[in-house]
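Once you've had a glance at the structure underneath, I'll fire off some questions.
Which chain is which? They are A, B, C and D, in the order written, and residues in each are numbered from 1.
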Amino acid sequence: MESKYVFSTDIEVRDYELDAEGIVNNANYLHYLEHTRHMFCQKVGFPFSQMREQGIDPVLRKVEIEYLVALLSGDVMTSCLYMERKGPRFIFHQDIFRKTDMQPVVKSLVTVVMLKDGAISRGDEIAEVFRNYL
Amino acid sequence: MESKYVFSTDIEVRDYELDAEGIVNNANYLHYLEHTRHMFCQKVGFPFSQMREQGIDPVLRKVEIEYLVALLSGDVMTSCLYMERKGPRFIFHQDIFRKTDMQPVVKSLVTVVMLKDGAISRGDEIAEVFRNYL
Amino acid sequence: MESKYVFSTDIEVRDYELDAEGIVNNANYLHYLEHTRHMFCQKVGFPFSQMREQGIDPVLRKVEIEYLVALLSGDVMTSCLYMERKGPRFIFHQDIFRKTDMQPVVKSLVTVVMLKDGAISRGDEIAEVFRNYL
Amino acid sequence: MESKYVFSTDIEVRDYELDAEGIVNNANYLHYLEHTRHMFCQKVGFPFSQMREQGIDPVLRKVEIEYLVALLSGDVMTSCLYMERKGPRFIFHQDIFRKTDMQPVVKSLVTVVMLKDGAISRGDEIAEVFRNYL
């Protein structure tokens, strides 16, 4: 595991995520990435439910994802991330590896902005929460 | 089409709904059934968004579904329903046919109760809305 | 845990499984049930991939599912099953509990038949595999 | 509609595609994009089922997607594409608009390569099929 990652979690492929090719359907990787970010926020102590209570709404702006190896039935992945801040944008670097051999499965960049009471915010509150991870 | 049905809508299979067997995954039929009920409520003039505004929350209690023929890539289905009321329960009889030959695909019974401001209601308001279809 | 169950597995709710009501969408429970059956077959030593290699194709015939409590973001479920054989039909009794308090979430009956090289089989080979669980 | 597009199809939002925010979940847009490509290939006369019979396997390499406006319950989208070839890579430019006002919803670039009997191919056969659209 490269040391740049600040969080990782294991996720099991569930057979209903396979498509007619017998491989995990491409859209499911966005689910895995989202699940990983939510797990990370929970670990940091600021789960999505709490964000919403405080009127903070993280909004996905952009995803760039490269598909390198297809996951199959029975596979377990290790989903890793680190993040950086660029002005109001939070960039999540999210990579997924096949757990058995740490073969890279997908590499991605996910850009999120924060709405505060419906308007784009500078994200300072969020940056404060994530200060140890930026 | 048997005359007992009060609503029908056509739905296209989308290839990502197939699973590794190359047939539509069983769970997707519950999506199709739900989509059909929502289309029906919209047609009746009482869409889900409006229910929620009025504090009415339809809650699924039970689904009984028989799988007769598998849908494949490229198939279009005709999804039909009629409903009856049994006390506080609304029973949707929902059948799906393959459009090309009207071969039965699934037959189902879906039981829904209505919460009004969080408590189970007798459903009289809803029965009033659906009076022409009961 | 009631002793009748022969298999159980824990499954985490993933946030993308919630719908606009903020609860797990009803169709996802069929995914959970399927995932549980697949885990069970794997544990028994006869995973789906191997069935297919041997020309055996388990086909879902019927699902009856009662929804008792809704799962929410962050919930973990314990998904349990036991099975019985009725002629060519294998009936899976599958119940899902909320892990924290073992509150019943769904109760279901899932009927499966076995195709062997495309034709309905008596399922004797499968019954042999599952003999310790029937 | 800008003239650069060579194909467009309308797709209805289905309510189960909404997430707990009440908007279409981000991963579903990859489903919409895939569905659009499949519809396009079908229209061109070279559906996926036929590709597979000929040993051709289109493999997704990369997706870049920008999220501009969120789709809601009841929305219909117009999903458009045009394509170009860069060596062995086929780049699909895929944009989705809200049908009512043609507001841009997502903009994306999708890179696909063709495997022929399991090995990366130059894609000449496919280029020939799509020659009127490149």
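Rule of thumb we're sticking to: a contact is a pair of C-beta atoms (placed from the backbone, for glycine too) under 8 Å apart; a residue touches a chain by one contact, two chains touch by 3 or more.
Quick caveat: nothing in here was measured; it's all calculated off a predicted structure.
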| item | value |
| --- | --- |
| Chains touching both chain A and chain B | C, D |
| Chain whose mean Cα position lies farthest from chain C | D |
| A-D or C-D - the one linked by more C-beta pairs in contact | A-D |
| Inter-centroid spacing, chain D versus chain A (mean Cα positions, whole Å) | 23 |
| CA centroid of chain A to CA centroid of chain C, Å | 29 |
| Cα-centroid distance, chain C relative to chain D, in whole angstrom | 34 |
| Touching two or more other chains - residues of chain B | 15-16, 25, 27, 31, 34, 73 |
| Residues on chain D engaged by chain C in the complex (per definition of touch) | 15-16, 18-20, 22, 25, 27, 73 |
| Chain A-facing residues of chain C, complex | 14-16, 31, 34-35, 38, 42, 47-49, 73-74 |
| Chain A - residues contacting chain D, complex | 21, 25-28, 30-31, 34, 57, 59-67 |
